[in-house]
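First chain written, first letter: the chains are A, B, C and D, and each begins at residue 1.
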Amino acid sequence: MDEDDFSKYTTVELMICRAAKELKNGEIAFIGTGLPMIAAMLAKRMHAPDLIVVFEAGTIDSKLLHLPGSVGDPRCVYGSTICSGLFDVFGTVLQRGRVDVGFLGGAQCDMYGNINSTAIGDYLKPRVRLPGSGGAGDIAALAKRTVIIMKHEKRRFPRRVDYLTSVGWIEGLDSRSKVGLKEGGPVTVVTDLCVMKFDEKDKSAYVAEIHPGVSQEMIQDETGFPLDFSRAKETPEPTIDEIRLIRKEIDPERVILRRLTKYRQF
Amino acid sequence: MDEDDFSKYTTVELMICRAAKELKNGEIAFIGTGLPMIAAMLAKRMHAPDLIVVFEAGTIDSKLLHLPGSVGDPRCVYGSTICSGLFDVFGTVLQRGRVDVGFLGGAQCDMYGNINSTAIGDYLKPRVRLPGSGGAGDIAALAKRTVIIMKHEKRRFPRRVDYLTSVGWIEGLDSRSKVGLKEGGPVTVVTDLCVMKFDEKDKSAYVAEIHPGVSQEMIQDETGFPLDFSRAKETPEPTIDEIRLIRKEIDPERVILRRLTKYRQF
Amino acid sequence: MTRKVEKEVEDKIMEVEEAVKKFISNGCHIGLGGFTVQRHPMELIREIIRQRKRNLVLYGCSQGIDADILIGAGCVKRIEMAYVGDEPFVSPSPNFRRAVEERSIEWEDYSNFGATLRFVAGALGVPFMPTKSMLGSDMITKWGISSRSRKRRKDPRLAKKKLAVIDCPFTGEKVALVPACKPEVAVIHAQMCGGNGTVRILGQTFVDEFIARAAEKVIVTCEEIISEEIMRVEPERNQIPFYLVDAIIQVPYGAHPTAVYKYYDYDPEHYAVYIRAAKAGQEAFEKYLEEYVYSVDGISEYLKKIGGKEKLDRLKADSILGYSTQIRRGEPFR
Amino acid sequence: MTRKVEKEVEDKIMEVEEAVKKFISNGCHIGLGGFTVQRHPMELIREIIRQRKRNLVLYGCSQGIDADILIGAGCVKRIEMAYVGDEPFVSPSPNFRRAVEERSIEWEDYSNFGATLRFVAGALGVPFMPTKSMLGSDMITKWGISSRSRKRRKDPRLAKKKLAVIDCPFTGEKVALVPACKPEVAVIHAQMCGGNGTVRILGQTFVDEFIARAAEKVIVTCEEIISEEIMRVEPERNQIPFYLVDAIIQVPYGAHPTAVYKYYDYDPEHYAVYIRAAKAGQEAFEKYLEEYVYSVDGISEYLKKIGGKEKLDRLKADSILGYSTQIRRGEPFR
């Protein structure tokens, strides 16, 4: 691929651009490492210059001159309103209910938007051990809404996650409020095939947008539960501006973009 | 009185010097406003240069060039190892069990070293409203040991305090541990007539030292419960050095010494 | 939540009049910053009195003249705190004492740490915080507002219980729980505030960083408004993030007669004036209010009345020590 | 307690060898400072490996190569944490993943905030902290170490329960309680430490200030030892009071390959070397350990091996931004 041809884009770049649209100007966004960081930086450079980006390791409203490789990266400090630590950000920003939107990812996501980033197989005898919750379990429980970004593969979209690290709508309906969570919950799942949203009533995932060139069959084949396509439109394509920003200004070192092609298998 | 004759001393000065002896070098001391501050500054200038003085409003190991008028005084900041706030000092110093000794005062002190600094009479219909616990209730519960400084008057030493602001030995014996406090408790009461300590077994106050020129009768007359004098010695007198330090170096502005003569009635 | 967009429409920087009009209603629940004789937002508080706000509910830890003057001016319905006194000068503060003895206000007592933890719980978004303090004391058993009264009132900010004691599920030991405190408005006086609300406090923070985080709205009065960009060069030194702050008011000497580390000391002479008036009874205190609050058109006139430039020069902090070495603190009380 | 008098007899300033010998025993419970690829006390950790300490219990929040290298070197019995991964490079960290899959260590999972609050509870001297996080997740229901096993073991540092869910006595809502964590030793890498132990961290503090307060002993490695008096000119900027610190070790670049804000960046090239070895299996990883740990006589030799002056110059932080603008972070992984 010619990296300087900004009219062509990869699926990952489409996902980033689509995810960026979930962030509204003036909101407080709790951002994790990787694709969400690029999406947040893109949003700030496009439609949401006053997006307040919060990183769990201790920085609020970073100016983000350079893409951080970690939520505790020295790159998060520059221009922030306050630089503290995990207690302050998780406690007095996230748990206090100030966070409008958080991004989540993981190894598995089920039909109610529950996410697993802990273990594949049995927790005590895992076939694959994953890194663990990190801040994901906290964001899932405590942000006002969450957006999930996932690679779309059948094993990644089971009916039920092997280990529920990050709470979505749990078992649908009012099961989220029943465990003691007053608000929050996933609103959007952005994958490399489509965008899913959650039914207002039963809280199950349905397909809301299908990426250009993708068929309903491809999506259903890669999903471990039946999907409703009746509300599906086409996903808006990235603009040349967005692609140029991502490649030339946001991740020119390919800190994250590199990993997204190389390290996505588990 | 000739303030420059350091061989003569007032009762308040005797109390300060005697209280200072309760502070050991290298200990962490939680110090309140007034007489305890003068005692701590005296101890640091005499036998305990490495006494670590902690003030609840946020300073640890102040150098104390000038006598603070408040535990949150700007004078507490100079030379301290850390300057933070109440959460840090009460939580991670006091409640964490790092404080060896704390000073307490109040309007009433009973035979088990319980102190009232909240209200005289009924709590809801007080005859005299006092300032309230401040940090005293916290120090009483959480320091490894406490030292009480009081003016010795019958109404100030009742059998039982009207309102128990700061826990001493509560009702004696093991009643302190029964309410859930693992350690701590008052060890010494310094008054303008004598020094009291607490019986190892039943935890009631007894007279351990009698000030020069004071009789057992005077003490018993000013005390609302019967006292044991069988273990009493004479209180050591202040030295010329100590008196000079108090008057000339520690409180030359008479910030505290002034108040101790004028405002001690309630 | 789109606070920052709001800001583009209307600036956060304003005068005390506007801030009080906009954010302090009758019956407002206010979290008070500062500590005894330090860093209280006094000019803002005088403006609250000028605008004759009534039935305020005050939350604090160790308060002093801030709470006392509001009580003496008849603005207060209830106070929940640990202490009201002016440490080196008088304790308890006279109007507070009189109001409680006359039962013209309601009150609820916690220890300083207990009161602190209530703001911490509010700041953290949990309904309570645990502590080993207060166990065995009458703060556990004697309540200013009864359990029944708490349940009867339709006040969502009044906890259903003053506190609770539970057995720890891990160790079995007794632990006291204090309920979260979330004031409607926090009022804070800081040394510096960025043009968009980033707050820097020098010296002890007291409980201000938690009160601001616990509250729904935050009013900051400050000695200096600094470029927001400059405030962000060393973000480790800031205590309150800009998005929490709704009103910024520059009021040099706005904390007088309380002390502001690195700027000015507390004023023992004015404390003597205040205390004499407040102790002499309601009538004498009304005269004080007339002289120093009602009749005064803003901070400049106030500063002239309390002694003008000569006084302010004496109160000015030594720039290394952070306090004045020119005042004799015992003298006004001899 | 007479820590400071102790100090007069024996100085706190020492080398890593002495600190590990003195404070880290086999079976020691260690609280790990730093966050994923930032500010881990790596030279101290390499010394723990050199001294072949065994059966360590590790506590952390988001850890990375610090926990992973200890696990890969066979030092670890159990880890209680939220995450083990090297964010921009590999996740999970390879030795951690292998050890869990082979069940050669024990583990217990919390969320980052849950793990943070365990240190906060330890630091505050309360047996637990409340949170609304983790509710509804398997972190509540699935335990690495069962309730029965917890009760059977005679380990006073192992909580009787992983956590508990209670009904709030004030609001009735569900609240999760996490048990306090009080490590025997906290190991922290800071930018600056005073000669008597006052610690200053620049940039994010992560959870270090609470881990130090929770622990019984604290070892601090630092880039610079500064005069204690100078450190106290602005005490608001310090995070850990001197009396908590038992050992101070000056080790410039002692956090390599992790980043230290304002001093140096993380080293993607060395991460690539490490990850390749760790992923290739135990044998390949032993070779890494031989090359970069066992055979190495201290930090100077180590720094030569990882690229010497040329590498360190490239990692050096821009003095305003606080990180390097000279490294290309994606390159070693292409």
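Simple rule for what comes next: contacts are C-beta pairs under 8 Å (C-beta built on N, C-alpha and C of every residue); 3 or more make two chains touch, one makes a residue touch a chain.
All figures in this text were calculated on a predicted structure; none of them were measured in a lab.
K.L.:
Which chains are in contact with both chain B and chain D?
P.N.:
C
K.L.:
Averaging over Cα atoms per chain, report the distance between chain B and chain C in Å.
P.N.:
Each chain reduced to its C-alpha mean, chain B and chain C end up 28 Å apart.
K.L.:
Express in whole angstrom the distance between the two chain centres, defined as the mean CA positions of chain A and chain B.
P.N.:
Measuring from centre to centre gives 57 Å for this pair.
K.L.:
How big is the gap, in whole Å, between where the Cα atoms of chain A centre and where those of chain C centre?
P.N.:
About 41 Å separates the centre of chain A from that of chain C.
K.L.:
Enumerate the residues of chain C that touch no fewer than two other chains.
P.N.:
125-126, 131-132, 173, 175, 203, 210, 236
K.L.:
Quick check on chain B: which residues sit in contact with 2+ other chains?
P.N.:
59, 77, 83-84, 91, 95, 142
K.L.:
Based on the touch definition given at the start, go ahead and assign the chain network to line, ring, star, complete or other.
P.N.:
Contact map by chain: other.
K.L.:
Tell me, which pairs of chains are in touch?
P.N.:
A-C, A-D, B-C, B-D, C-D
K.L.:
For the complex, give me every residue of chain B touching chain D.
P.N.:
By the definition above, chain B touches chain D via 24-28, 50, 52, 59-61, 63, 77, 79-84, 91-93, 95-98, 100, 142.
K.L.:
Given the complex with chain C, which residues does chain D contribute to the contact?
P.N.:
Listed in rising order, the residues are 125-132, 159-161, 164, 166, 168-171, 173, 175, 177, 179-180, 202-203, 236-237.
K.L.:
Once bound in the complex, which stretches of chain B touch chain C?
P.N.:
33-34, 56-59, 65-66, 69-78, 83-87, 90-91, 94-95, 118-119, 123-138, 140-142, 163-167, 170, 175-176, 179-182, 251, 253-259, 262-263
K.L.:
Per the contact definition, I'd like the list of chain D residues that touch chain B in the complex.
P.N.:
The touching residues are 1-6, 8, 123-126, 194, 197-198, 210, 213, 229, 231-232, 235-236, 238-243.
K.L.:
Touching residues of chain D toward chain A in the complex: what are they?
P.N.:
Listed in rising order, the residues are 35-38, 61-62, 81-85, 87-93, 96-97, 100-101, 103, 109-114, 116-117, 120, 131-139, 142, 144, 165, 173-175, 203-210, 259, 261-262, 265-266, 317, 321-323, 325, 328-331, 333-334.
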